[in-house]
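In the two complexes below, chain A is the common chain; its partner is chain B in one and chain C in the other.
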Partner chain A sequence: MSDSEFDVVVIGGGSTGTAVARDCAMRGLRTLLLERDDIASATVGTCAGMISSGLKYRNEPDIMELCSEEVVHFNHIARHIMMKIPILAPLLDLSDAASDSGYIDAYSEHAEEREVPAMMFLTPEATLEIEPMVHPDVIASVYYEEFFIDPFRLSLLQALDAINHGAKVHTYCEVIGFEKTGGEIQGVVFYNRITGTTETVRTKLVVNATGPWAHKLARMNDSKLDLRLNKGTHVILDRRVVNVGITARALDGRWVYLFPHENTTLLGTTALDTWEDPDRLVASFDEIEYLLQSIEAVIPSIRESRIIRTMAGIRPLVPDWKVSEDKVTRGYQIVDHENGMISFTGGKLVMCRHMAQDVTDLVCKKLGVKAICKTHEKPLPGNEDDVDVESLSVEYGISLHTLERMRARRGTDIVKILELTKEHPEWKTTICTCEPVIEAEIRYAIREEFPQTLNDLRRRLRLGTGPCQGTSCTYKAAAILSEELDLEGDDFLVDILDFKAERWKGIRPSMRGEQLAQEELAQGIYTCVGNLDQSDVDYDLKPWEEGA
Partner chain B sequence: MDLECDVLVIGAGMAGLVAGTISSNEGVSTILLRKGQSATAYSSGAIDVMGYLPDASEPFSTPSEGLTAVAAMLPLHPYSIVGYSESVQPDTVVDEIVGSARAAISWLKNSLRDTIAPLIGSFDSNISALTVFGTTKPTCLVQETMNSESLQDEDSTLLFAGFAGYPDFNPSAAAKVFLEDRIAIGLPPRKVGRCVLKLAPFGKLYNLSSIEIARHLDHGNSIEELAKQLKPQADKLGATHVAIPPILGIRNALENKKLLEELTGVEVFELLGVPPSVPGLRLQMALEGLFRKGGGRLLAGHEAISYTKNGELLDAVMVRTPRRRMKIKSKATILATGKFIGGGLAGDENGIRETVFDLMTVTGTYHSAGDITPSRFTNRVSITPSSQPVYSCGLTVDPHFRPVQEDGVEWSSNLFAAGSILAGYDYSSEKSGLGVATTTGYIAIRKAMDFLKGVDLK
Partner chain C sequence: MNEDEAFEYVKGTLRSERITPYHPYEIEVVRSIEKCINCGLCINHCPVVAAVGIDRFSGPRSIAVELSRSPPEYWSTADIVYLCTGCGTCREVCPKNVDIPEVVNLIRARIFKHRPDLVPKGFYVVQEPLTEYNLAFQPWEDKEEKSESRDMRLEKLGLPYVQDRVLDKAEILFYPGCQAEERAQEVREAAKVILDYFDVDYTLLDEMSCCGLPARLMGDDQTARSLADRLKKKVKKMGIKKVVTTCAGCTSNLSDLSYYFDWGVPTVHILEFLAEDIGLQRFGEDMANSSRLSPVHVTVHDPCHLIRHTSRQIMDYALEILREIPNVRVTESEAYDSCCGGGGLVSYHSRDVADAVVKENIEAIQKTGAERLVTPCPLCTAQIENNLFKSGSSVEVDDLTVFIAQRLPKKG
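On to the complex of A and B.
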């Protein structure tokens, strides 16, 4: 395949763009994906990862139907990175209950296909037995189960699968313009941030999957696209504060939740119309307090938990205006600008495969290609088989916990990593102890998953995402990256500074409690001992670090 | 069981250990309490005095130059506090400030001479010490095992040596950083190499910690084995010096260094490292030894939780261990509980608190910190010479190092404070941590002993 001529160029490497690239490649189209940063570096990385039954959208029965089907598909293609989590909605007051009970039937209709039980009501005793942290005055609770996925791994696996099917995926390539003839797109111009050069490729069609940037890309193509941008913030708590997920009515009557998520717990989320630059977005004091106070009503001890950090993202909603955010459809729209570009508005993580299927159908139709969608049939890499971590733990002499976490990221590919430790037993060394991540997995990811920076490694491995936020793994992992990629000394230091900057963006807004001591330690290591505050490397201020 | 003593020191990090060592060695009955972790044990074990002014980009070439600048420009800095004493004449304030730090630092150096953590360096020059990142930092005294002075020679060649399965130090990254830096500023050595050695302490091939390696090197003929691997590598490169992570031993580090040098024929020195820190541990253990030698009593695992007051005097401190509670009566008390790591300060979204006596806390600019939102006292940039202001929060004290209240009057006439619990400086960006802890511990205990002798501390 030529490196400069494509059938379709997909712009954006989030959940949507990677799903589109995978589908296009699987249908035999010459596909290029261009991502300005890294795979899953934007919105999708800030989401809760819920592959939801659509319960929240039951006013939109077709959306609920769609979600339910996608759960079934993801359970088929990505079972290794899916997690089922029981959820309680404790009622403290009759007014907490929804006015009608239609949602129970709606949820339960396809429960069997999703491999979950029908929704049920629990007594206060049963509620407190499942989750002792719930307020003792609970009068009843609703019990149901939902699925969650690691959004970073999903996006990455989609990208890798696209590559396996012949697509090209270029990260750190920002689209800056289009070459047009007679109003029609002929080529895409992008700036390669690694080589520092501007490049052009020819293409028949462009799919604009840039989430909250979609209107900007449309404008670059002299087209108009309206979006309703909506900010959502999560507070991340250490460990599993609750055994099960909790949903509750917030101070303003919206729903908020507490979800066990990997080794942490997610408290979310807010929903605020925003006009902020997505790159500068940080959680606000008000959002943090709103979330804590809202969940405090049902989990009174929430403030005793250790807050690790926050994260904020922007939902690229369909432009329904003059209604409150939760009334905006969670469906998506495909907008054909009829000049070679097709854009998305709206959508969710759970719908990314479906969105891709729809848009690829359209792309094929426009190109006159007859190929059917197989993305719901073929498993993603690593989902080929079950993995017996217990016997692997014995065979390779690595702790079961470490292997369980590794399996949750990689499924059957775990064996490729373990094989590396036969020749290099020293690579069994744990580099990130919070998660945990061993050196062999870091080396494997560097070799096989095209990371350019330490932050890219974090997305692939959950490196530095635990309570210490990279305090003690950043320099170790940076050194491994520098060795594998044969980086200069300055790059090694810049990687450390960049990683710290990105973690600090989330830590800073919620800084309190144990995180004060944790950050003192980090400052001790990197500023006091490393003297990195005085380093003269070329460090570019991040967008959220600029200004007063 | 209740206890009594003349001086009770709460906190056994650098500040508390210095204070307790001085009083116990002067025959004053002293009890030292330590709850748990201390920043001192995490430190690289080099004694910073004053590296940079806030926001500065050039380091001071000598600590005394740094202290002179502090005396002139940072009146709220803990180093400056001695200058406020009524007994100090206005025209000698700077001399007094510089002199007190100089005295404290030379006391420390002398005291540690025959311990497991002997120091080199002087108050009259800052050392540019090499770190495990390959960077350098200005510091005043380093442990003798870290001496890399002769690296300045034109014809020196440096080998960075790491250990397989020990992730805290990567010789290839450090070597690159170091070499690029040297080339940029045109300093020797111009030739640098790296190697990875296999040590397998206690049969382990991976997940090695610095403490394990140090323990291993303290025993048997492990140094000989290390030398056997190191020598060919050093010879191959033609190395004159070998930089290794700080793992040369806990009890025998200096002897180990000398033996290794003898066996390999090259100079070996430890880099400044990060926690878990062997040199930090050596420093802490060395001071504990001195404290005990003077007759002091160290109660590890003992946490001060509350107190009783008799009029304006602090009468007794209530102490807790996992198993028991007791009361310790003392005539004077030193509060040296550290910052957030040590546990002297704690903070939530509503403000910063002092954890034992609920003393008034202030920001680096001496505004109340009791009701600040910590995140608002941070910088957008994480690693910056402008520092994170929240780490300048702490206690404000009178010229005799007694914490004061909102009205400016001391909380009690026999409670003194020292170390990183004091407000007005950020040790990370200044590079001043152990220096401030030593100096303030040194002065605070003298004030406390003056108080015991009945000197009027007005």
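On to the complex of A and C.
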């Protein structure tokens, strides 16, 4: 394939963009994915990973049906990166139950195809046995089950699968313009942030999957796109503190939740109409307090748990105005600008594959290509078979838990990493002690999954996402990255500063309680031992850093 | 589905997702573990890490920040958590008081429930007698043989035999624990000699049953609870004021049980009983009259279950008691408070690890030049004695209770 001629250029490497690239490539289109930063580095990277049954959207039955179908598809193509979470909605007064029974029927309508039970009521005794942290005055609870996926791995696997099918994927390439003839897009101009060069490729069509930047990209193409941008914030706890997921009515009557996710717990989410720059977004004090107070009503001791950080992202909602956020459709729209660009608005993580299917159908139609979608049939890399980590642990002499965490990221591809340790037994060394991540997986990810920075490694490996937030792994991982990518000493330091800044962005707004002790230790290590505060490298403070 | 059926269904999902909900009393343990700041201080003090290296046992820090974070994955920690001897050194040195030994029990309990196939097979040697006879060891088949063994031991140690006393009502329950009941019978007998000497109003149980600690350590919570309940009922019914034991493990476990489950009856080690109830002055005065044994040079080992799980005060008492006994010279070992490797049931499945841990003690004991080691725990006694013997050392080991009983003057 030529490196400068494509049928379609997909812009945006989130869950949707990577799904589109995968679908296009699988249908034989010459496909290029351009991402300004890294895969899953914005909206999808700040979501809870819920492959929602759509029960919040019971007024949109077709959306619930779609969500349910997609859950079935994901269980088929990506079960190795999924978990089922049992969920309780504790009720503290009868009006809770009476005012809102519609969702029970709506949820239960499609439960069978997802192989989960219809919603059920539990007694207070049963509720407290399942979750003793629930308020003792609980009068009943509603029980249901949902599926969760690792949103980083999903996006990355879609990108890798697109590459497997012949697509090109370029991260750190920011689109800065379009070449047009007669108002029609002929080419895409982008700035390569790694090489520092400007490049141009020719293409027949452009799919704009840039989420909260979609209107700006459309404007660059002289097209108008309306979006309703909506900020969502999560508070992240250091471990699974609840036995099951908990959902509750927030102070303002919306639903909020406390979901076990991987080896943490997520408390979310807020929903605020926003006009902020997505690149400068941080959680606010009000959002954190809103979440804590809301969940406190059903889990009174929540503040005793350890908050390690926050994360904030922007939902690119369909532009329904004059209604509250939760009345806005969670469906998506495909907007054909009729000039070579097709844009998305709206959508949910659970729909990303379906959105890709729809837009690829349109792309194929426009290009006169006859090819059918297979993205729901073919498994994503690693989901080909079950993995017996117990025998792998014996075979390769690596601890079971290390392998189980690795399996949850990689499925059958785990063996490719383990093979590396045959030649390099020293790569069995644990680098990130919280997750854990061993050196072999870092080396493998650097070689096969095109990361450029420590933050990219974090998204691929959960590096530095545990209770200590990179206190003890950053230097070690940076040394490996520098060796593999042949980075200069200054680049090495800047990358450490970038990584710490990205952690700080999430830590700073919620820092309290036990995390203060952790941060003090981290500061001690990085300033007293690492002398990082004295480094004279050329580094610009991020907008959320003190002194910026 | 009615509510009961619904609950049954939910239990099924929890089982298949390998979730055993935290009990309210476990939440306190989880809260403590949340305080870990990954500083790694514990790794430098963990005797198992020191003995076998971090690649074999990833250490207390990894239990706090890695292995304990996601209950559905607890099964995958089975190659590590059974190597913890539960000595509590990590908790003692931790600047945040993270309760590692308890979180290890909490994890083991979940592996026992969800993946019994990953529980070390060696544990079943303990589990069988626990469920069948309420004892941690297979009881003697022939009671006469048991008495003969006891008499041989008494004769060798020069201890008199004091008749067993089982009373309906008494001030004190003397609880020897399984090891002294079935194996190290001399410890049980020695305690009786001491209690008898000081005219203590005590009784034994009509039928000895385990305090449940071994069941807890292997993760069999159900057996642990039923054993604890059984004992609690008896203790309550007898109306005793205090439990006196000669076992370090029983002391700490019964103290915990008493605290968490409202027994209202304290448990003390016999050393505490001597120091606090009999009084060091009276003990010393009586001992001054004793001329029973020739001068002896000893060193002392501190059992983890006393110093770290109960109180270091108990071993201060031990030294004070030794000072009151004539002709006893004490030299401190450099590793006096280092785990002997006998804890956490590690020796039941990974003998090599347990023996690697005790090595430091063996070397330090020999360096003291003492001819005898004394320690107030039958488990430590057995573990150290075996390994001193294997290393060809001439140092002999005595349970401290036996050592004291041997030196008491003749009653009369």
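Simple rule for what comes next: the second predicted complex is superposed on the first by the 539 of 548 C-alpha atoms of A that agree within 3 Å, B and C clash if a C-alpha of one lies under 4 Å from a C-alpha of the other, contacts with A are read in each partner's own complex, and residues count from 1 in each chain.
Here is the rule we go by: contacts are C-beta pairs under 8 Å (C-beta built on N, C-alpha and C of every residue); 3 or more make two chains touch, one makes a residue touch a chain.
If you're wondering where the values come from, they're calculated on a predicted model, not measured in any experiment.
Touch criterion met: A:439 reaches chain B, while chain C stays clear of it. Applying the stated contact rule after C-alpha superposition, one finds that A:527 touches chain B and leaves chain C untouched. Judged by the touch definition given at the top, the superposed model places A:373 against neither chain B nor chain C.
By the document's definition of touching, of the two partners only chain B reaches A:545; chain C does not. Applying the stated contact rule after C-alpha superposition, one finds that A:485 touches neither chain B nor chain C. Touch criterion met: A:504 reaches chain B, while chain C stays clear of it. Contacts of A:120 after superposition: chain C is touched, whereas chain B is not reached. Within the superposed three-chain model, A:430 lies in touch with chain B and with chain C [touch as defined at top].
Of the two partner chains placed by the overlay, neither chain B nor chain C lies in contact with A:189. Overlap of the chain B and chain C interfaces on chain A: residues 428, 430, 472, 517, 521. Looking at the complex, you find that chain B touches chain A at residues 39, 42-44, 48, 52, 57, 59, 131-138, 164-168, 170, 172-181, 184, 205-208, 272-275, 339-341, 343, 345-349, 373-375, 378, 380-385, 387-388, 390-391, 427-429, 431, 433. Residues 83-86, 117-118, 120-123, 126, 129-133, 143, 145, 238-241, 243-244, 260, 262-264, 301, 304-306, 389, 393, 399-401, 403-405, 428, 430, 433-436, 466-468, 471-472, 514, 517-518, 521 of chain A touch chain C in their complex. Across the interface of their complex, chain A is touched by residues 1, 3, 6-7, 9-10, 13-14, 17, 19, 21-24, 27, 30-31, 33-40, 55, 58, 61-62, 65-73, 76-80, 96 of chain C. Across the interface of their complex, chain B is touched by residues 285, 289, 303, 425-431, 439, 472, 475-476, 478-480, 482-483, 487-490, 492-493, 496-497, 500-501, 503-504, 508-513, 516-517, 519-521, 523-536, 541, 544-547 of chain A.
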